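Below: a set of structures, written as structure tokens.
Both complexes shown next keep chain A, but they swap its partner, so chain B is in the first and chain C is in the second.
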Partner chain A sequence: MEYKPQYGPGTSIVAENRRKQMNPDYKLERVRSVTDEDVVLILGHRAPGSAYPSAHPPLAEQQEPDCPMRRLVKPTEGAKAGDRVRYIQFTDSMFNAPSQPYQRTYTECYRFRGIDPGTLSGRQIVECRERDLEKYAKELVETELLDPARTGIRGATVHGHSLRLAENGMMFDMLQRSVLGEDGVVRYVKNQIGEPLDRPVVLGKPMDENWLKEHTTIFHSLVGTPYRDDREYIEYIQRIHSLRTKYGFMPKEE
Partner chain B sequence: MAKIERTQKLFLKSLKEKFQGQEIESETAEFYKFNGVRQSPRKMEFMKASRAIEMDRGIPMYDPERCHLGGIPMGQRQLMTYEVSGTGVFVEGDDLHFVNNAAMQQFWDDIRRTVIVSMDLAHQTLQKRLGKEVTPETINEYLHILNHAMPGAAVVQEHMVETHPGLVDDCYVKVFTGDQELVDDLEPEFVIDVEKLFPTKQAEELRAEVGKALYQAIHIPTTVCRTCDGGTTSRWSAMQIGMSYIAAYRMCAGEAAVADLSFAAKHAGVVHMASLLPARRARGPNEPGGIKFGLFSDIIQANRKYPNDPAKASLEVVGAGTMLFDQIWLGSYMSGGVGFTQYATAAYTDNILDEFTYYGMDYIKDKYRVDWKNPSPKDRVAPTQEIVNDIATEVSLNAMEQYEQYPTMMEDHFGGSQRAGVIAAASGLSTSIATGNSNAGLNAWYLSMLLHKDGWSRLGFFGYDLQDQCGSANSLSIEPDRGLMGELRGPNYPNYAMNVGHQGEYAAIVGGAHYGRGDAFCYSPLVKICFADPSLKFDFAEPRREFAKGAIREFMPAGERSLIIPAR
Partner chain C sequence: MTDATFPQVRIVPLRLLKPVTAESLLNKLAGITGVRRILVRGPGLPEDVPYGPARGNPNPHHDRRTINVGDTEIALRVQVGEVILEVEDDSAITEIRSICDNFFVNYPYQILMGRFMKTDPTLVDYARYGPDADPDLIGLADPRSRDGPVIIRTE
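Now for the complex of A and B:
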């Protein structure tokens, strides 16, 4: 019987959004457009137009051993070229940001190759070869996974996911890497590590509250969907816990 | 699970004080206008002190306005004060770092400098091997000599160097026993009187456990264990015990029977507060990593003082445990650095965990008819998986909803690890108090973690990925390679060994199981009695209050050195 991922339980819109984001067959909605140069600027790993620094010679120039694993796992473009491993890191507000740390990790694991995600409460990092990263980062920034006001791209000093919002609706960022202009448009004025940019990168207008509520992947009883209301979700977690308690990680019970 | 109503939320006063002039239920706030670190009187004090030190030594020091993130000092949002839970005392966060808090230092010093040593083995040697008479009078004389010798004075040889009493005034020895007749015959200043210090039911239980055995509760000088280490305590104590027996019972200093006394004091009759650790965490006995959770819950005395409030008793263990295990053990011994304080204080400030736990108390009373204010094994509920799941789920959901409904509280506990520890602790405590079973409480903790992780799609730092997502599988097993009774687990239990935000709460969950049953002790009746001693520098019945006193600089510690240094 062919395995079909179910992605997760739940009857709520939050559960449905989680499944959509994870499912690589679902085409993520593209809600803004940024240039390749914009992505490079925000990442801050290399100057736009400069060559990719490398960690090793291209694989084609190396004497690769005859290895069944290498035949099985095809290298990504970045690995082929010998790129450095670099990162993008996100901070997602608990006030209905569209993606959230574990959700990002699961989504990236289903959609991208050659990645190393790390998940914490206030930030989620994904590391991979630099040219692969730029490709993935573009998708992470341009699609419904990001809201300019509730999502931050922050390499360090990530503090903000759990704080109240600023009065203009922006998530707190000690370094104020992105600012909301009087025209209602969010611009990055610093790269993810907090170094000032030569020119601002425009991410567009924040999504409205209804859109956020319809697209978020976090439960929230004050501003979104209460966790308690998705009984199926909670019962499923209880079931996993009970089975692990009784049988460890080899459950015998249906 | 079904939500119940609680009108008196314990954290409201704290939030209103911390966020003065702001609506604590508001989703928005003002930022970037607080003048950075200069909004904090304590940070200003630090800067001023540092300037003076720099002038004196010529080397730069504390400079947050230049060194923090290339000139963007912390304080772009409001730097909050904290109420130490259950005390009504508001303190600066900095004053809850153990370096800045003398009470926290003394708490650990008082544990590390303590060993309990049986007198019965020595008395058998004296009576059976040497034919000497042991009576209450000889014991009193011995204790008089021992209280002379233990701080560092000579009893047998002349021309010996000795310690200045003013430097070691916290060092003394008392005894305890279950034999009330013997207690009545001993001089009261040398006795920890179980009957007077414990509620009647607890005293009966403790006296029955100890029986006619006689133990010495020994506290060597704070200065000694600070200069040396916890492993010194039994050695220092054994040396002074041996010499005191020689002096009190007129023994020959070199006779072979002395070896028996030494062996009893150093090995056969000694109870350490902590076992030694394996090479990869190499520490001797009486260092924090070796304290079993059950023993730690016996060190804390809140259930003696508040026998009808197992929730409070457990919350005091949380406060003491997070301070010791997170701030001192993991934060400094194991990791180095200063950041762990922020994790730990979340569990004992602003009455947030207290509120979540008392919600659990209301829930177990409402749904399972557990009369938690009258602790007894009789009305505990059976620790079935279904009941554990039910209590853990309701307490976790309520806690998450409280964070959501009060965005200032979410901002207070701004890190996921803080929230995860607090939510899971409330779940574990509610379950262990309801069931009287520590492993059921631990199991509830792990369900809480899974619920939390899926509800908010986040949990804590990487460490939570380790133990909290596999804890379900080991929390109800006591097979040697898979698990252990909660009482016997400790900071060095395999999955627990490196993760901040857990160990103090685990200790409290273990304690809660016994406090909920009304037990006099969790693991060791000897330790319970030893730390009931009112002569100790630190009051182990009120650790959170003591920490608050330390934070506002009203706690007087031991380890004084001003007698031997130049006057300032």
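Now for the complex of A and C:
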């Protein structure tokens, strides 16, 4: 029988969104467009247009040992070229941001190759070869995984995901990397570590509350979908909790 | 030590306030008769990037600016998240509540009653102000910064 991943339990819209994001067969909705140069500017790892610095010679120029794993696993473009390993890090507000750290890691592991995600409570970092990173970052920024107001691209000083929003709906950012202009458009004026950019990078208008509520992957009892309303999810979590608690006693299902 | 008999209230809006809004609110609150001390709190907005690869670089931020309350200039170093007031008696609290009801119309707020200001000097306060510190100033400014509390005179 062919195995079909279920990705996650739940009957709520939040659970459905989680499954959609994780499922590589689902095409993520593209809600904005940024140029490759914009991505390079926000990442701040190299100057736009400059060559990729390398960590080692291209694989084609190296004497690769005869290894079955190397025959089995094809290198990514970045690995082939010997790129450096670089990162992008996201902070997602708890107020109905479209994604959240664990969700991002699951999503990336299902969709991308050659990555090393790091998941923390308030931020999620993903490391990979530089040219792969730029490709992945573009997808992460352009699709429904990002909202300009509730998601921050923050390499350092990420504080803000659990704070109240500002009056204009922006998530708090100590370094104010992104600014909501009077025209309602969010622009990145600093790169992800807080260095000013030569020109602002336009990410577009923040999504409205209804869109966020329909696309979020975070349960929130006050501003979104309450966790307790999704009975199937609770049943699943209680089962996991129960089993892992009993694990030490050799559990047997009734 | 602070006299424990003075009531204190904490105003918590649902959103972090912009400097213009904070200025307007503080001006209204400072005009109330019977307000002894006001403490403004919120997440910090440092002048320099405090850590990370860009550590030490200047950190321009639209919300870190000087506001005028009464006749006094105050350099905001935080994004205002809550305002704590110590008042002479309960009549001032009624007035604070009515001002806030009229002020926060776009988003809700909470008023909490209790003890919110520091009552005893800590070790850091002792190191900064010495043994004879004015008890009214304890807890009103970060003892590790050079800035002290601001005195506001209103008509």
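By our rule, the second predicted complex is superposed on the first by the 245 of 254 C-alpha atoms of A that agree within 3 Å, B and C clash if a C-alpha of one lies under 4 Å from a C-alpha of the other, contacts with A are read in each partner's own complex, and residues count from 1 in each chain.
In this text, contacts are C-beta pairs under 8 Å (C-beta built on N, C-alpha and C of every residue); 3 or more make two chains touch, one makes a residue touch a chain.
This structure is a prediction, so every number in the text was calculated from the model and none was measured.
S.K.: Using the overlay on chain A, decide if chain B and chain C clash or can fit next to each other.
M.R.: Result for chain B and chain C: clash.
S.K.: Report for A:H159: first if it touches chain B alone, second if chain C alone, otherwise both or neither.
M.R.: Both chain B and chain C are touched by A:H159.
S.K.: With the two complexes superposed on chain A, say which partner A:S221 touches: chain B (first), chain C (second), both, or neither.
M.R.: So A:S221 only meets chain B here.
S.K.: On chain A, which partner touches more residues: chain B or chain C?
M.R.: Between chain B and chain C, the winner on chain A residue contacts is B.
S.K.: Should A:F172 be classified as contacting the first partner (chain B), the second (chain C), both, or neither?
M.R.: both
S.K.: Under the stated touch criterion, which partner chain does A:L28 make contact with: chain B (first), chain C (second), both, or neither?
M.R.: Neither partner.
S.K.: With both complexes overlaid on chain A, does A:I193 touch chain B (first), chain C (second), both or neither?
M.R.: The answer is second: A:I193 touches chain C but not chain B.
S.K.: Could you tell me if A:A55 is touching chain B, chain C, both of them or neither one (first, second, both, neither)?
M.R.: Neither partner.
S.K.: Once the shared chain is lined up, is A:Q100 touching chain B (first), chain C (second), both, or neither of them?
M.R.: first
S.K.: With the two structures laid over each other on chain A, which partner does A:K246 touch: chain B (first), chain C (second), both, or neither?
M.R.: Touch partner of A:K246: chain B, not chain C.
S.K.: Identify which of the listed stretches of chain B (27-35, 315-323, 441-449 or 459-467) has C-alpha atoms clashing with chain C after the superposition.
M.R.: 27-35
S.K.: Touching chain B in one complex and chain C in the other: list those residues of chain A.
M.R.: On chain A, the overlap between the chain B and chain C contacts is residues 156-157, 159, 163-167, 172, 174-176, 194.
S.K.: Can you check the complex and tell me which residues of chain B touch chain A?
M.R.: Going through chain B, the ones touching chain A are 1, 3, 26-32, 69-70, 72, 74, 76-77, 385, 389, 393, 397, 400-401, 404-405, 407-408, 410-411, 413-417, 419-420, 443, 446-447, 450-451, 453-462, 465, 470, 472-473, 475-476, 482.
S.K.: Enumerate the contact residues on chain A facing chain C in the complex.
M.R.: 155-157, 159-160, 163-168, 172, 174-176, 179, 193-196
S.K.: Write out the stretch or stretches of chain C touching chain A in their complex.
M.R.: 13-18, 21, 43-46, 49-54, 57, 59-63, 79, 81, 106-107
S.K.: Taking the touch rule as given, give the residues of chain A at its contact with chain B in the complex, in rising order.
M.R.: For chain A paired with chain B, touching residues are 18, 94-95, 100-103, 118-122, 156-157, 159, 161-167, 169, 172, 174-176, 194, 217-223, 226-228, 233-234, 237-238, 240-242, 244-246, 248-249.
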